[in-house]
Every structure is written in structure tokens, then in C-alpha cells.
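Working notes, beginning with the structure itself.
Chain IDs A, B, C and D follow the sequence of writing; residue 1 opens each chain.
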Amino acid sequence: MSKKYNDIRESAYEANMQLPKLGLVLFTFGNVSAADRNEGVFAIKPSGVPYEKLSPKKMVIVDFDGNTIEGDLRPSSDTKTHAVLYKHWENINGIVHTHSTYATAWAQTQRDIPIYGTTHADHLTVDVPCAPPMDDDMIKGDYEHETGFQIMNCFKEKGLSYEDVEMILVGNHAPFTWGKTPDKAVYNSAVLESVAQMAYLTEQIKPLTPRMKDALIQKHFERKHGPNSYYGQ
Amino acid sequence: MSKKYNDIRESAYEANMQLPKLGLVLFTFGNVSAADRNEGVFAIKPSGVPYEKLSPKKMVIVDFDGNTIEGDLRPSSDTKTHAVLYKHWENINGIVHTHSTYATAWAQTQRDIPIYGTTHADHLTVDVPCAPPMDDDMIKGDYEHETGFQIMNCFKEKGLSYEDVEMILVGNHAPFTWGKTPDKAVYNSAVLESVAQMAYLTEQIKPLTPRMKDALIQKHFERKHGPNSYYGQ
Amino acid sequence: MSKKYNDIRESAYEANMQLPKLGLVLFTFGNVSAADRNEGVFAIKPSGVPYEKLSPKKMVIVDFDGNTIEGDLRPSSDTKTHAVLYKHWENINGIVHTHSTYATAWAQTQRDIPIYGTTHADHLTVDVPCAPPMDDDMIKGDYEHETGFQIMNCFKEKGLSYEDVEMILVGNHAPFTWGKTPDKAVYNSAVLESVAQMAYLTEQIKPLTPRMKDALIQKHFERKHGPNSYYGQ
Amino acid sequence: MSKKYNDIRESAYEANMQLPKLGLVLFTFGNVSAADRNEGVFAIKPSGVPYEKLSPKKMVIVDFDGNTIEGDLRPSSDTKTHAVLYKHWENINGIVHTHSTYATAWAQTQRDIPIYGTTHADHLTVDVPCAPPMDDDMIKGDYEHETGFQIMNCFKEKGLSYEDVEMILVGNHAPFTWGKTPDKAVYNSAVLESVAQMAYLTEQIKPLTPRMKDALIQKHFERKHGPNSYYGQ
């Protein structure tokens, strides 16, 4: 087992173990990967292995074309989606997929999550995008590979940047999030779940609630992001 | 106490103890059984005994006609339903009954749970069936015995296979799940509860949400099941 | 401190401590009492004392007219309601009051909780009654004393027996439950909260869901209660 | 590090640590401050520091004009809102801000929370007020400073006293609560979240539920507050 992959094995392991602690997964319904840009590979959870039986050395090393480089176990069934995103989005080093309850319910409706408040605007300035389900031939083809392109195409069509918006819903499926680190990607999954729950409740409490105003969106986003941010240390 | 039943006593005990850990039961509102096909019997939770007071030796051994074979305690009041299902469905070795919150709420509406997403399609390709309540004479007769037939009749009428669909809602009552092992049956109960919650939320977020498309249903089911499955190790 | 009250002090303490474990109270928003019919008194939680600071000797001994008999602390502000119910309903020995989330939400609507399924029918054969708010002069008078009569009057008007139905919602306020023991009264509070949540969900999933059929109500109630019951040991 | 601030550092720390225990915050989405009226300062959580890494000495000391007096870390980004409220509302010594789920959902709708039951009336006699979002120029100006004035203006316009009503929703943002002590302010945040959840459920169970009657509101508030209160010890 190559020592040069120890860091990403460790960080993929640690990030995966956060998912059950944050209440984002049931059984094995989620996975996190951690990329090493210098080596051109990422470490990802093995498929169907319960979280309590994971360890760093069980993580599988895969390249950005989806080929397994090192590891005794089969990688996550969603591995090709991770590979496509790492290959095309050069500034991300962590990806998370879960079936968290509220985000998945929104995905099942194929609706974007409207931006209703500052919890949302602290993290992104637009609705959380929902990619439509793929055409049947893409589904019947190289499904997980195509899922990566479906995500990227949705961003292109909506004119979004993956560096500004680090999350998406895949229609009838579930959320994917990413970030500059695996920890940030996990953080984004938890934020998305919270935003999804609040948006659901908002529409129940007041149907036809309007989106929040632009000035407030910009203000909250800029508090946390950009050259004049003043949140954190 | 016959040693030959030790294995099913142990596995029934272990499976029962998972129910409170998974948040699927309040007090004693649930039970799991484990069958031994060679001996023609199953081990089942004793009736009304709190989970924290269970032990393997308190499990009751019952044959497939519902007769108690060994055990000091009265078996679960739902024992005859288990017996009927084991007798007629030869390839199952575990059965679970709970009153888990969301699945029970769906049962109370007598609605099937529509298939809205991949969390559902990873496990079955059709709506989760809901059997109608029984006729009054069946209810007043051998109720738990008839419940087993009500479940099987629902499968016949809908043209479902118990090997493809390992769960059902019994109208105005609650869910039953089963599987090749008691652990798989418990797993199915947790999956059903999650699917029931997501389907509820889906309809709240977007009334009249359509079911997911067939190609996606087939793809996800086949990822986990069948000759070309590639999920897990 | 009279030793003769030690048993009810202990059982009131133990029953009170179950409320936070069962998720039925926030802070001090609940209380349990335990009666000794021979002595004509009950032990009740002191007012506004956090659960983690309770002990058996902090329980207050009160007679059935609401007079404090022994104890250094002021009894629960709801003490007179407990006293009235003990005085008039001779076969109960435990009473619980909580502001549990779902039961309280139903109380705030002043609706009875419809009987939609067997989780409900396992415990009572009718809708969970909701007493209307009192007239203003009763509220401005001896409020907690009158609350006891409001509960009893609701039972009279609906023709209910307190031995068959061990729970009520008080309109715009919250639930009260009772039983032959304090533990049974606590059990009833947890059952009520579960039934209230399931009924809420049922109506969300299918508005205008009909009540369950009579034969099924009777069957499930008689499984657990009455001369031919066969639930439990 | 001045010893004279030790008490407020300690009480701010302890109060902050209650937020995750009460389920009111995700990650760092909340803050508590504790004021010392004699010194004219308050201690507040540092910005963006996870709760598990907090300690009393990490609290930042700030004066009522928002100037940092002592501390190595940057104070909460909401510090100026705290400062404005302490400066103008002389009888409060603790302030809490969270993004708790249900209260935030109400804030996102810009609706006041109607007074539906005694859980609400035990703490305040009016609807929980929701301040509208600020004008764009206030948002683009000294945002957190203006948030304090937005809160005070809402109280003025509605004719409310900050001593009678210790909580507010800020439209499209989230709740703020306060009190005579930091612990009381935290208590109010938990009460608000519970009241917000119950009010949401109330309207789902029965749309157009009327508010509770005045006599009952007054009775419950006076049980806990004012010269003739008889709740607690």
C-alpha cells in the first residue's frame, strides 16, 4: 500500500465518518472522496461497507478517469461521477454524495430550492439548482459517468460557477456537494440539508413566500466570502 | 432448552435489539422473528416484553402452523401472521413488524407509497403496496392468521413477488417487512421508514409530483440486484 | 419527613424522570404525581425545578383537596388539577401533564384526534377527546381547580369513562394522561404523543382520511384489554 | 487578560455551550453574549469558532459601541447588533442569536407567530413579532448596527416592551432573544423554537385556527410573571 496516498486515505476516512454523526446517512447511503491533485487521484469509500467497519486503509484509490489504482475493495458505485467532476472542475478536492432526507425530497420533486433566508445566502446567492433526470439513453449507458456530465451541463445551462455554488440536487436522485477540501464538502452537505428543511417549512407556513431581496442576499454572502468578508478568524 | 434452536434465538434477539437503536419502535410496538427452515420453526419476541429486558433465551420457538414448540413466555400477539408468511413464502427467513412513524401514517391512509426516487428504486421497482383492511368477518375470526393471508392476497392481486418486494403496509395498521435473513428484514424496515418520510415530504413540497421514470427505476434496481449488480463487495 | 410517604415519593420521582428520557418535556414543562389511596395523598413534582435537580425527597405531599401535607418546596402549579381528578376518579393512582409537541399542537386546534389506526385502537376505541377552553369566569377564578372539572365535564358530555380513556387534550393548553399507576400514566403520555404525530401525518398524506372501521377498532382494543386479551405475559 | 471580565467570559462561555446541547445550532450558526453593566462591556463568542473549541478565555470583550476592548480573536459578525441592543435596552444582560430551524422558517415568511396556546402565553402575551427586512440602504450601510435599530423600531411600532417580550424574528434572517441573564436569553431561544414548531403544526392540523382567548393568555402569563405569580420556587 503506497504511503503517498496516506493523506487522502486518512482525510477521506475522516470525512466519511462525519456523515453518520451529522445525521446525513442511513446505513451506507452516502460517500465522500478526497483528491490529491499532484498525484491525479482520489480516495473514496468502498461500496456498501458500513461506516462502523471503515478504516483509512479500506479507502480505494482511483484516478480521474475512474480507474482503480490501489485498494482491495470495489470503490463506491458512484465513483465515476466523482471522477468526472474532479477531472473537469480543477479547484475541488472533496466531493460528497448523500441521500439526506430533506435534500432528497426536494430532488424527488425536481424543484430548485428557492433562496428564502440568510442561512442560504451565507453560502450561495442563487437557488440550489436541481438537475433534471437524464435522457433514457444516458441512463442505460454509462450511468454514473453521465451523471457527472448531467451535473456539469446543469451548471452550464444555468450559468453557474462550481466555485460559487458548491451543491446540486440530481432530479429523482439525491444531492451532491463539493469543496476545496473534503471537510468543506461535508460541511456543504449539512448546510444543504438544513437549508432544504427550512425552505420546506417556509412554504408550509406561508405558501407563495417570495424569495429574499437581492441586497440582503449580497450582504450575507459577502460577509462570509470575497475580499471584504469579515466572518471567521 | 434445546440447543438446536440457539442460532435462531440468538439471531432473533440481535435483530429485535436493532429496532430501538434504529428508532423504529416505541415501547414494545414491534417484533422480529428468525426462521430455521431445516427444523421448520422460527424464534420470535415474547409478547409485551420491553426490549431492555429481552435475552436470547426469552425468544419463543414456534412452528409454521403457529404452535409454540419451546419457551416459557407467550409469543408476540402477531405470531400467527409470521407463521402464515413463513409457511407460504419458502425463501424468507426473517420477518419484522413495527409501528414506525411515517410508514404507519401511510398505512393509516391506505395509500401505496409512490416511487419518487432512487432511494426507493434501489430496493424495489414498484410502489410500496398497501393491503386494504380485512372484511369484518376475517377481523372477528382468526385475526392474525387472516392478516397473513391478507398480505399474500394483496401480492397476488397486484402481481407482486415476495422475493422482489420485501415490504408491505397493512391498511389502518402498520408495516411488515421480510427478507432472506432477519437482519435483511430489519434493514428493510429502516429503508421503508426512510422512503415513507421522503415520499411524504415530496408531496408536501410539490403536490402531484409524478413518479420517477422507468429507465431510472430499472437502472438503480439493477445496480444493487440481479446478475449485473455492481453495488457492494 | 414521614417514611409512610416514601413509596409515592420514590415512584413520583422515577416517573417524572422518564419524561425527559421519552422526549416529552422541554425544561420544566411537565409534571407527574403518584397517589396513595390509603393515606389520601399524592406526591407531585415541585414547581419549576429542573429534572436534573429532582430527588425523591423534593417531591411534595398534597391531599386530595390540594393542601400541602409535607414538603419544603411549592408543588407544581397544576397541583389542584391533579387533586380534583384524584378526588373524583377513584381508580387512578398516577397523573401526567406535559406540553409534548404534537399533542399540544392538536390541543391548540381544539380538535379531537381522530382514530386512524391500530396504534390508537390498541389503547382506546374513540377519538382522543379535546376539552374546550373554559369560560372566562372559570379561568379568572380558581383556574387549576376548574381545569380538573373541565376535564371531567368533557368526559361526561361525551359519555366517556376515565377507566377506558386515559388521556385528554385541554383546548389551547396541552395534554393530561392518567392510569392505575404513575408508570402507566407516563406510558399513556408517550402513546398519545405518538398517536398525535401519526394522525397529523395521516391528514397531511391524505386529507379527509376516514376513521378506521369499527370491527378493527374493537379487535385491537380487545387484544390488549378485557377478559379475552392475549397481549403481554 | 483582565480578571475583572472573568465572570462574563465564564457566563458567556457556559451559555454558548448550551446552544448545541439544546439542538439550536448547526456548526457555528449562533452566538451568545453576556453583559457587565458596571464595566459597560459584554463578552461574546468569537466569529466562526466551533463550539467544541471554545473556552472562556476565547470570549471577546466589547463595549456598547461595538469596540473590542480585550481578546485575541475577532468577535461574532453580529456583535454590533448585540452592542446596539445593550446600549438602548438597559435591563438586559444576555442576548442570543441562532438559526434554529422552526423559528428561522417563520422568519423567512416574515410572519409574526400567532399565540395559539399556553406554552406561548406562559412567556409572552402577544404574537412573537417579526421585523421586516431593512431598506436596501440600511443593508448596504452598517448592516449589523442597523439590525439592532430594526429590532428596536419594530418594538416601537408595535408598542411592545423589551422587558415583556424577550424575543423577535428578523425577517428573512433568524431569531434574536434576550433576558436579564445570558441563561434566560438561551432559555428564551429554546422556548421560541418550541413555540414556533407548535404553531407551525397547529396551522397544518387546522388551517385558520383562531388565536387563544384573552382571559387564558392573561391567566397563564400571570401564573409565571408579575406580583401574583405562583410558578417556581
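Everything that follows uses one rule, which is that a residue touches a chain if its C-beta (ideal position, glycine included) is under 8 Å from a C-beta of that chain, and two chains touch if they have at least 3 such contacts.
Since the model is a prediction, treat every value here as computed from it, not as a measurement.
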Contacts common to chain C and chain D (chain labels): none
Interface residue identity across copies chain B, chain C - same or different by half: different
Centroid comparison with chain C (C-alpha atoms), farthest chain: A
Distance from the mean Cα position of chain B to that of chain A, given in whole angstrom: 33
Geometric centre distance via CA averages, chain D-chain B, whole Å: 46
Residues of chain B touching at least two other chains: 204
Topology of the chain contact graph, where touching chains are joined (line, ring, star, complete, other): ring
Pairwise chain contacts, counting only pairs that touch as defined: A-B, A-D, B-C, C-D
Of all residues in chain C, those that touch chain D in their complex: 26-27, 29, 46-49, 73-74, 77, 99, 101-102, 104-111, 133-134, 136, 139-140, 143, 172-174, 200, 203-204
Sites on chain D touched by chain C in the complex: 116-119, 187, 190-191, 194, 197-199, 201-202, 204-206, 209, 212-213, 215-216, 219, 223, 230-233
